[in-house]
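Chain naming follows the written order as A, B, C and D, and within any one chain the residues start at number 1.
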């Protein structure tokens, strides 16, 4: 069984390799191929060497190699994981900073930052799928690339590849809920509904009883993701809404404060998240190069992708072994949320098996967040069309549908500045 | 045929009386009763006297009187028009000013201002309907009271009264479209879809052809409503969206600029729209008292309710005479917009006849505004529930669903300040 | 001995009358003449009647009358008090609001508001002095009209009238200092230095010892003037500077917070200080009309001019009786502060006698506020020249020298708007 | 004749070497010693090698070497030039960014940025002077280190070293004036008055006639310094004031716009001036390492120090050769500006000879800028005391006297953040 990782030069790769090692009894991976673009070659070399040491240390017999020839690397894959970042952290810094110069939230996956990440990423994913259609048409694509919901939707609508989107937020919220109640995470059955980075946990079953109220009654000042510092209002508001929030909802419900914080950060010497991650990454790769290092280092926790490999390998394991267990993933709606189109991608609990992910039937979106979900999905639909068609008009309308953009003047300015700043990665938008 | 006007002390009343006079050949009104609250008695006296002079001058035989006893006045009515303002212009000034102190749009019908107008108004309308159920259960309620869509929805959901909501915006947009093309307004068949104060004209048929593109190609710097000065971006954006905008969309699509303008106005000596209207009203009532005045004065045009009477009387005429013509009104959805609940109120073209308003079948909401429509409807649903139940939690969640509120801290502050400022008119929110 | 009050229609007049009554044993006033402009006639009538009742109630024999004929009223005066407001509270509201629309402090005596008050007031004071030169050339002019320092400087530079400027701030600070130490106010000898509304108390002698440190060590959250709410930082900063602040320094040392507060107030229903004072005044005059009222009412305290009459009558008493006591007044510099021109007006302790006010010799300005004092005086010099010459260029340069104006674009905008708004009272600026 | 350059690792050094070469006929330099701190060793090596190539190329016989041992390098010097930057560009970035997080101008020499540069630099300069007092007590110190006025004042007040402060702004303004009139720069006699980075040219003699009016009548959109983009208002305002502005006055007269620009820049990918200069420097040193490069490269012009060497070498030449010509430098006041202390440093035209710089007698500060000059000097005095004493209270009061700081809360926050950020370079502020 061959596992291919596109974006293999990412600092997350050791996390993934660890997952493969931990699941080796049930998941007979025989070959790992890491793929990246030429500018990532130095990093992918380091990752490959480190992965070899990790696997040897675990006493397993899995071959590991890297290639810059994507199609060659993909041939015969059973599972393909995409964890790439088009344009790297340099592009992310632009996604974060340019909107801020207009007084608009700049963030990797929400707001205009996420929009431009989508514009850059969608065409690349479609190209990857084209390769897959040729050389591994039956492989599963596990997409981690953000904005994961939008990217997964584009793949499912426009290619024949079997694709499931994945994110580490819900698994972390699940752990948070268990921690708040002080029960083992396995004893809980938490239910999520919404879109990627825009979901809520509206039920938290434990021993057959829905204990969501008890979960919400406990305050937890720690955010479930490293990159979003929780503010005081969120737990209180969550209680009033009756559901636990994805930390990304803080951008929508506490927008002014987030904008103030982000602006202050971008003005400071420390810089934005991209600037910070760049320093963490440099440290990590220095660490990975250490020949005596044979296991995932502690420092990786700082990077923000907690439980990333747990989510990914668990998903692959359940597909491969047709487990029929329930996991939270990004799949097509097919009527689950009646206010949304059938073919759009939503995020919720699904039964995972050899045919993929099947949404649980009894889900409903709380009235209090339904408007936001529909509004954001309208933005996402236009974003996918704009990305594929390279259409400026649709790009503007997508931005105008984003709830974090409040003025057409900002939208036009941001659009112009970002199309220029990212033009290298936006060939479809031509001149 | 008895016509009752609740809020008869409004400066708009002469406009309405003129409408009755102009339609006298087809609409056999025999009695007009003006109703108001005691604090409006001086104004309603002036209006009654002026109305008598207008009717005498027109050589008609219609009795006019006023009463402060609502139930008595309503008895036996065929049509009831509600044009009241709970708390008067003083409350409106608070609606406009309190949100601004938090950096949030303060406006009579959108944003937190419209929200509080709804909280004050819905219980009063429900009381009126209770009276009507007793003394004129078959009368039609033509509701002009803003926020007209929300108020109409509350009436239709919670009372047995036949009610149609009405607004002068679409009729003005229709005239604007005709003016842009240079054709008579009767030659056009304009189609509207959306919610009250959140609608678009997405078709403009003329001679069987949809000329919406031609309409949009013409720029018109004049706004269709007096209280919203159009900014340069709106016609351009409308062209990109492919539909003509209700001027109220400017609050959503040009929010930052509107906030800047509103703030500057509220800081200035001239003050907000409420302050300005107060001065215009004083002038109007001075004018109405002039015994020699026997027709609607020019100055009324400044007041902002252009074509208000045209819309109201045309609607009554079509119901009374079972005309089956098409008018733009606020009615229950019943599946017309599938993303919205059946019993919510939308604004669109309907066939008007003795059984009321029947939505045209082929309407669809443009994808570019659908998200906003669903989001605002979510806000409206929670607003109605909060108003009826006097529920602070729902009031907060309603505000959080309003697209002009961006931060829970603002929402809490505005809610607290406004509940206090308007407490006299919000008995359901108790202490 | 004839006492003339220009601006006799002010709501402060009863305060002054009370002062005359309290000092009647040492100050043999025989006649009080109140003077005002025609638009203030109703108020001056009320004040005259009330003054008569107060004097009768006190069993004194002082004649009181009013006139709108200024020169006639001034004839033979021994002391003239000016407490007028050119343009009334309406003009004050503009002074407060117009700068705020540019994000600049709008205040009656500092910033662009005080600047425009000076432009309106200086020509009127010069006209009064011209009348005095004719009909009472030896009378003393006690000037209370704000900005008192600037106006007094203009009079002393450009007329032959003996004039002393006066303000109730230092007397209130003196009381505050005594209160903090818990000693009788008479036991303290407090020393002030600076400009009007820009002074500090840098010594507080008590029993021969300078106890300024002890005074500053006590915090007092109450401001010495009604119209400026003290913020937390002021006492702490005063301690660091080593002197007690005039509350008006808060506009300079806590500018951002003051701007935020003022803006919020101007946006609110309550409105700016002018709006509030208008309501207090209406209440006061209603009260003054009460025939049974024979003493200064409690409500007057709300008005903000605490100890105004105490300061005024004490000053007149010391001149009249050649007392040689020390009071804090506005006089020409004559080398006291070497960094300032000789003929400019400063505020400090002076020996008061029949020849007027003689500055104490040993004064020095603390290094920490010297820069601000020189900067503000530069602004004041240009203001006087601009007012007298009606010179727009100098007006702009004056504004640019005001420490509360930070950008030439704001200065130009404010200048243009305010010249227009106040043009009725700025004939020297022509068209 | 030995010339010592402290901060010899600066990218400006080749500019200076070029100056020595161009003046070699009149200025017999025999030895150049470059001195720097250990962290600058790589750069100083590059500069030394490049300087050797330049001198060899010019066919001159001047020895060049570098040392990290300051005292040894200084021994026997005739002239010492200080062009160091304590903390390097990293510290400059903090000076620029930290104030911006409080909404306050962050700039290398004005505002809180310049304040902290002074705190870091003054003790280092005093240490250098202590070394000079030992090993070259008769040498002239030509101080280019910013804030040049403050640093020079500290040296002159607290050491026995002969020191003249120098800046390239006035020489550039002089060229600008000549350019505007279209006359050779030598034909003009321009007069400057004020403080370093806060001066104006108030006379521009040409053929015996003061043509300052003609100079001002010409607009020149180009700024005389690279790091300040001129805005439209400056020439117009200068005309109204009647004198040509140092570009640094733009921070005071157009503060809001500068703050907006600076904030936008700091939020952007390009970053602040320090970020930009870092990139230019890297490029320059790459260029300097090119063995075939034997003359100052074009690229150095981007760096911002135009005419730096012209000013420096001309000054040394006039001292050495006792020329008695007139140059604009920073010297002690000694009564020239009567509103300022005698021992403070001002910037103006002086006669330069073997005894140093003697201010021209007939200088006067225009009334329109006098207030600002006195205010800024008050700030400078407190800054020097705070730097030498490591006194936090004085540091706060210095900031409160800076015209770009408007609120004590900002001052406290900035002070705390910057003392922490720069603590490595602020030993006198201890813990």
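Rule of thumb we're sticking to: contacts are C-beta pairs under 8 Å (C-beta built on N, C-alpha and C of every residue); 3 or more make two chains touch, one makes a residue touch a chain.
Since the structure is predicted, the reported quantities are computational estimates derived from the model, not experimental observations.
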Of all other chains, the one whose Cα centre sits farthest from subunit D: B
Distance between chain centroids, defined by C-alpha means - subunit A, subunit B (Å): 45
Mean-CA-position distance for subunit C and subunit A (Å): 66
Chain centre separation (subunit B, subunit C; CA means) in Å: 51
Sites on subunit A at which at least two other chains make contact: none
All chain pairs that touch each other: A-B, A-D, B-C, C-D
Parts of subunit C lying in touch with subunit D, wherever the complex brings them together: 103, 233, 237, 240-241, 253-257, 339, 367-368, 370-372, 374-379, 381-382, 393, 396-397, 400-401, 403, 406-410
Residue ranges of subunit A touching subunit D (in the complex, touch as defined): 93-94, 97-98, 100-101, 263-264, 266-269, 421
